[in-house]
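As written, the chains take the letters A, B, C, D, E, F and G, and residue 1 is the first residue of each chain.
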Amino acid sequence: MEEASSISRYLYTFIVLFIIWLFLTASLDPQELTIGALFSAIAALFTYEIFTTRGLANLHPKRVLYFIAYIPYFLWAMIMANLDVAYRVLHPKRPINPGIVECKTTLTNNVGKMALANSITLTPGTITLDVDGDKYFIHWIDVKDSSVEGASEHITKPFEKFLRVIFE
Amino acid sequence: MNELPIILLSPLIGGALAWLIRVKGIREAIGVVSSAIPLYFLIKLYPALEGEPIRYSLNVGGFELTLALSHISWIFAMIAAVVGLSAVLGLVSTAKDSNEWLFALMSLAGALGVFLANDFVVFFLSWEIMTFASFMMVFKYNRHASLKYFVLSIAGAYAMLLAIGIIYAKTGSLSFPEISAIFRQDAMMGMMGGGGVFTKTETLLIYALFLVAFGVKAGMFPLHVWAPDAYSETNQSYTAMFSGVLSKTGVYGFFLLYLLMYGKLAITLGNVRSAPTFGYIIAFLGGLTIMVGGILAALQEDIRKLFAYSSISQIGYILIGLGIGTPLGIAAATYHAISHALFKGLFFLIVATIIYRTGKTEFKDYGGLAEKMPITFAMAFVAILSLAGIPPMAGFASKWLIFEAVISRNLPILGAMVFFGSAIGFVYLIRFTYAVWFGQRPSDLEDVKDAPLPLAIGMGILAILNVIFGVAPGLVARELNKLFSNPPIGGTIWELDLGFGRYNGLLLSIWLVIGLIIAAILYFMGAGVRKVPVTDTYQSGNPVTMEYNLTIRRNFFLPLKEAMAFWLKMSFDRLYHDIWKAIEELADLARSYVYNGNIQAYAWYLAIILLILVAMGV
Amino acid sequence: MSVLSLIGELLVLFGTVFYLLSTLGLIRMPDVYNRMQTATKSATLGSLGVIIGTGIWALGEGFSVAWLTKAIVIAAFLLLTNPISAHALIRAAYKSGIPLWEGSVVDKYKEHLERKKKEEGEQE
Amino acid sequence: MVGMLKRVLAILTILVIGYWLAQGLADVPFGQDKMVVGKYYLEHVKEETGAVNAVTAVVVNYRGLDTLGEVTVLFIASTGVAALLWKKKRERTAKTEGSVVLTTGARLLFPFIALFGMYIFIHGHLTPGGGFPGGATIATAFLLMYLAFTIYEIPHRGFEVTEGLAGMGYVITGLIGLAIGGYFLFDWIWQTWGWGHENIGRLFSGGFIPIIYTLIGIKVGTELSGIVDNMLKEEVKE
Amino acid sequence: MISSYYFGAISLILIGLYAVLVKKNLLKILIGLSIMETGVNLLLISIGYVSGKSAPILSEGVTASNAVDPIPQALVLTAIVIGVATTAMALSVAILLYEKYGTLNIEEIRRLRG
Amino acid sequence: MSQVAALLIALPLISAFFVPVLKQIGKSLIKPFLVIITLLQTLIASWAFVQVYSTGKPIIIYAGGWKPPIGINLYIGHFAALFILVIAVVSFLMALFNFKAVTVEPIDKYAMLFLLLLLGATGMIATGDIFNLFVFMEITAISAYALTAYNKTGEAAEASMKYIVLGGIGSSFFLVGVALIYGATGTLNMAHLAMLANDINPTVVQVGLALIIFGLAVEAELFPLNAWAPDAYQAAPHPITVMFSAFVVKAGLYAMARILYLFKDVSGWSSLTKLLIAMATLTVVFAELSALRQKNVKRMIAYSSIGQVGLIALALSLGTQEGVSAGVFHMLNHAIVKTMMFMAIGYVGITLGGTMIENFEGLGKRMPLTSLSLTIGGIATVGVPLFNVFWSKLRIILAAAHEGNLWPVALVLFASVVEAVYYFRLIHTMWFKGKSGERIPEGAIAIVLLLLAMLIIVIGVYPTPFWNLVTKAGSDIVEVSKYVANVLPGVKL
Amino acid sequence: MIGVNIYLLLIGVATLLSMYRVFRGPTTVDRLVAVDIMTTITVGLMVLFALYYRRIIFLDVALVYAILSFAGVIAFARYLEGGL
């Protein structure tokens, strides 16, 4: 995947930072806005190379929409996960069947991989132990299928459809 | 600015200049001139002694430094000036480098300062200058000797400083007149049974500390251990000053003790028989000094050592005189201080000449020098007579006075000690006389020349004074009498009259001269002199070996040494050495325990200090 | 107004309950891997609840909107970082040699590491 | 045995010291108003310094010399650490790089944390924080990069120069005060020029506080990053 | 009776001191020092505390009359930074020490003594 | 105009910050830069000195323009004016010495730390605020930690670590003391504290004062809190050792004395000074005993220096004008003598590759001027007349005796005998031991050494102007009411 | 502010429980996990306190705390796996 131009990457970084600044100050005071713009510009200057490879392309509406849609989906999964955890924790017999399984992902973008890993970590009974290329090694509290395909079906697939759109 | 500071500064500045200029010839001239100046001014000031006391004060570094010239300080300053000049003349011949000029003159300035001081700051300052300079004179020659001298001197000086501190703490003053007044008042209060400024302990402590301080410098037993090594391990011309003048500062210190706190000490410590206890202690130590110094002098194989011990021994007489504490005793002590300076100074210049010319220091290497060095021999003749206490020399007059003083107070032990001292004096002088001047001359001494001119002049001054003060003892007595309200010594310029005994120097001299003339006639009439071979020995029945080969030049008194072996083993020198070793061991122990390298131990120290803070309730 | 407060408070309550749940898991689970399973998720969710809840609650109490926006920033930060730290920790646990619980059924990671090591050995 | 004794002694010791400290503190009643100078600050802080946060005003303005010293202390530490760990050739020797999760996370967080650090120091006169926490936050961003990547390195030269220039900037600000107002570290912006008087509570106020906090923020950020860099690198034998 | 804040502060100081006095490992000693510093900072803060008053940021209804003393807080900020600096310095010296001696046991770091 | 004296703080600071920039321009410029800056500092310090001593009024620098007790003030009175000058001059000399003495990399960091050490000590002496004192103390201490370890040997690291641990404990307790005193008075300004000292709860002040003094005693090298010092002196680069002994420890001593006298009327004061006197005396005794058999001359002189510091502390703890003036005099003398001696020893160490006693054998023939200066230094330290230390030592002894401290006097004198012995050994070793090797050309450093030696003798021969100087400096510390009046003319809060 | 005490109680219990794990271990990672959870909880607590004291500025403090503790946990984790 080729890198976007510096300007595009810089602008993207600047925009993200400025939005964060707005969230931090929650103020439309021109003084705050001026300094915010200035500081975002400065911070972007020495961080954009690290921050993004795709630049403004990230702001493609489809991606943004999918991202927004992903949030409730993910939160739901997360709440489910926690109820599952609650069940296991509070159950007197501690019904667990742990192990480390391997999954494969079709994602290639690093941010996407990270998002997937984090999503896995925060959802039912799974924590990403390591990622090596397209292989995910996952500690699963209740191993239902120890084959690569089976595990992938259970763990990675549900998120990938969203993440592929957002990050690929 | 009056003459007093010039007297002090002249040798000091002269020394500094001599050191800086470093040109042979000019250096010597500066040295001699700068040591003649004090003499000039002291003589010039003599008439003024009768009037208002001469004082000088100068504010240095916040201290009011005061000098004063009294009769007693004039006498001592004169000793310093005369003997100093003679010694400096000797240095013209024997000095090896500019450093010696610097330190010799510096020590002279220091001694003059001690005598002229009118407060403890000047006194201590001068004392330290003198000590330091004399130490530097020894330093180069011998590490061990100088270290011993150094440590004992510093210990003495610091003992003095501690005593000064106590006095300062109690009186708030450092000036002699003020302190003296306070002590007198205190003594008076004590007499009336009131509580004084100084408690008994404090008085005793001050006394003990001063005793140590002055005792070290004077070479008083058992603090004398530095002196034989130091006197012998330096430039021998300088030793004339060292032994003649510097030791007198110790003696002068005892005078000062008397001036400041005689009454207080007398009342605090009471009397032994007829003498005040504190004085009797000094006198008794003086007696021991005479005996120890004399015996050890007799056992030496090195002429420098012999005279070093002899010098110590002679100081003992002065201490006895002082210790008796009567006007006569003090006057006698002063007289002996003068004559000791004169004949001891002379002796050391003679030794300097001999060593300068022969390069040898031990009896075994000498012999028959009288022929080769007639002038020096003549000087030695005077010196020997004077030291042995044979009239009509200064030495006789002063020793006679001391005898009289001791006898008058009915102190038999001291008398015996003085007598013993005279006897042992003969013993070692005989050896010096024969081994060095007479007998067969070793072959390597054939080309020896007589004294160089400056040394000869130096010796001449001292020899002449030895004679004058012996022939006309009244000259000295007149000055000594001025020290007291009731003159202790009567008589004329030629005669000393104590009421219960008298000594006429002139008369005795005339008889002696006549005798000498007769002897000379007999000598020249041709009584052949028998040459004694060097190997002529007396063996007391022992087989002749290289180790046990007794001649007058070699191990002459070895049998005596063997007889006294037990006593000689009791060496204070070794005692001090052992004490010092113990201190060093302690130091090692302390540092390895305290600075043990462990951070945690150090942290504990901090905790302990915190605990102490808690405990002290601050 | 008070509706917002109520929602906020409920969210806070929800969050704190999950906090408790999280730490209970920390106590009850048999080994470090399983403790992480339970603790991380609940703590993160709990934080989301408490923090966003507080933001909303503050709005309900009439404070400025900055309360909510800042709360969102904090929540987002935790949402991003907590799984990362969990991941880093579990990796550290595995790599520092802490064994899996004896009841574990499979360890694909071990196989993977061994395979990799062998490949590296062949290369050399 | 010795160890046991040491422990017992140590406990006794700290108990005694603790009792002593407590005794001293017993007469400094907790929670009571003991302000003397502090009261003056609270009453005058707004008009005299333009800062809402009295702590900040004390730190940067009233007791500015302390802060200059504090900046210096940190400078010394960073210099000292760099000096002591200095080697001819030093590199990162970490063996395993963080997984893609960590590295990507660090990349994403890096600009945000840096910006937040800036946010903290520029608002120092209004909110808690200021140059030191701001700088520390910025340094945390760099720390994260070091933690995630095994090859990451800050540009040393640039950082050292920046650090020095920021420090000089602080002193120069103080010297301008000396030149304009007659006193070292005098707040000429507020007191002489009177900038921001109408603005109290908003960003452009507080006299020279924001300027100084910006300088400190930059300085502390670069310094702490430098310390991290030095601590994480090891000597490489050639 | 002293307040619990004071008590806590003193306890921290003493715990730190205890570590310094007892632990053999240099790092533990340094941690002890840090704990002491923390205790001191806590003490400073609690001395400035005035019951019922708020942080001295004069906005959102806080005025001069209901704010706590700002000075101790300012001092603590300084003290914290100084503490951090000391710790950084100490750690790098410890690193150096470990390089040279191969140990951090204080019993073995004793080349300089006497 | 007098506010310009703030440059005394600003100059070293801005220069230290400038070094990284300068390094980019050229590394070889760093050492000359140090020389120029320290020279400038000397000029400013001289100006301040002349100003203070000619007008008789202190220069009070109001940082930020805030009048005390609102803001922090620097108080350059007679004492500070004198010692800031000493600091500047010694630093200047060491900046010159650096050319020869410092080769350890990285040189730029060394230069920064060097300047900040100078700054820290200057600040400690100048400051009029008790917390600011802490800050400057830490500046001094932390740069000292770094510089101690600078040679990067195992020993250097060890020494530095000891310094850090002890200094750390000390500074923590110092801060507890500050907290207590602040809690009782609500102020940090020294003059203000002195004013309020008598109205406040005595227990608090007592404990607080004791803690503050305790903390400072570590920096002031009082026994047994000085265990770090010999190691640090030995391990530090030579110019730094000079600075430690010439002014870093002095700053600690001064701070201790200043705070001590601020609270002179507080109950418990006299037991505190009693403890200080005891510690000071033991400092002298243990330091001198430890020096006695040292094989490493640098360490030996380090112990000697600590011993002298103990003497100063003794004088400062006496509680009298007489004692304090004597102590200040000794500070001055000791600064001169030890600067010369450590410099000479450092020079020998650099030239002959070590400072063990063997390196000094026959030195008199190889490096006569260096040996001469060491000799003069040794003789002066022992307290021989015509050398400067004689006067101050005598003053201290008399002042101590005047207050009835006979045991301390006796012990100090005993220690002085010990001191004399090891100096004797050193001097003897240099001049009369070992084979004489090649004569080594001594160059510019010898000139500096001889200048210092001459100064020693000048003071020794004519101490009057110097005594007048230190008396003023001493009264600056003792006369607290004047100090208060100067700092707080008609203060109301 | 109805249930503030309840929330604080819950948080308190949670903190105690995680504290138990911090001290109990048994492995270093166990303690670290517990510390991580504790800091997460603390962030929430700080936010809650901000509202309790009605000072928005505590939110900044909370965020700084979150950042620092995240970095700390990562640092320890990387140290344990030998990644430093």
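Everything below uses one rule, namely that a contact is a pair of C-beta atoms (placed from the backbone, for glycine too) under 8 Å apart; a residue touches a chain by one contact, two chains touch by 3 or more.
What you see is a predicted model; the values in this text were computed from it and never measured.
S.K.: Treat each pair of touching chains as one step and give the shortest count from chain C to chain E.
M.R.: Contact-graph shortest path, chain C to chain E, evaluates to 2.
S.K.: Hey, which chain ends up farthest from chain B, C-alpha centres compared?
M.R.: Centroid comparison gives A as the farthest chain from chain B.
S.K.: Name whichever of B-D and D-E has more C-beta pairs touching across its two chains.
M.R.: Contact tally favours D-E.
S.K.: Can you work out the whole-Å distance between the CA centroids of chain A and chain C?
M.R.: 14
S.K.: Please compute the C-alpha centroid of chain B, do the same for chain C, then give the distance between them in whole Å.
M.R.: Chain centroid spacing, chain B to chain C, equals 96 Å.
S.K.: Report, in whole Å, the distance between the mean C-alpha point of chain A and the mean C-alpha point of chain B.
M.R.: One centre to the other, that is 101 Å.
S.K.: Cα centroid separation between chain B and chain G, in whole Å?
M.R.: Between these chains, centre-to-centre, one finds 87 Å.
S.K.: Can you list the residues of chain F that touch 2 or more other chains?
M.R.: 131, 135, 138, 142, 145-146, 149, 152, 157, 161-162, 165, 169, 176, 180, 183, 186, 188, 206-207, 230, 290
S.K.: Got the chain B residues that touch at least 2 other chains?
M.R.: Where chain B meets two or more other chains at a single residue, that happens at 588, 591, 595, 599, 603, 607, 610, 613.
S.K.: Two-or-more-chain contact residues of chain E, please, as numbers and ranges.
M.R.: Residues 13, 17, 20-22, 26, 29, 43, 47, 55, 57, 69, 71, 75, 78, 82, 85-86, 89, 93, 96, 109-112, 114 of chain E touch two or more partner chains.
S.K.: Run through the chains and report each pair that touches.
M.R.: Final set of chain pairs in contact is A-C, A-D, B-D, B-E, B-F, C-D, C-G, D-E, D-F, D-G, E-F, E-G.
S.K.: Mind listing the chain B positions that touch chain E in their complex?
M.R.: Those residues of chain B that touch chain E are 588, 591-592, 595-600, 603-604, 607.
S.K.: Considering the complex alone, what residue numbers of chain A touch chain D?
M.R.: 13, 16-17, 20-21, 24-25, 29, 31-32, 35, 39-40, 42-44, 46-48, 50-51, 110-111, 113-114, 117-118, 128, 130-132
S.K.: Can you list the residues on chain D that touch chain A in the complex?
M.R.: Where chain D meets chain A, its residues are 99-101, 103-105, 107-108, 110-112, 114-116, 118-119, 122, 145, 199, 202-204.
S.K.: Give the list of chain E residues in touch with chain B in this complex.
M.R.: 17, 20-22, 24, 26, 29, 106-107, 109-114
S.K.: Please name which positions on chain D make contact with chain G in the complex.
M.R.: Counting only chain D, the residues touching chain G are 94-98, 102, 113, 116, 119-120, 123, 127-129, 133, 136-137, 140, 143-144, 147-148, 150, 232.
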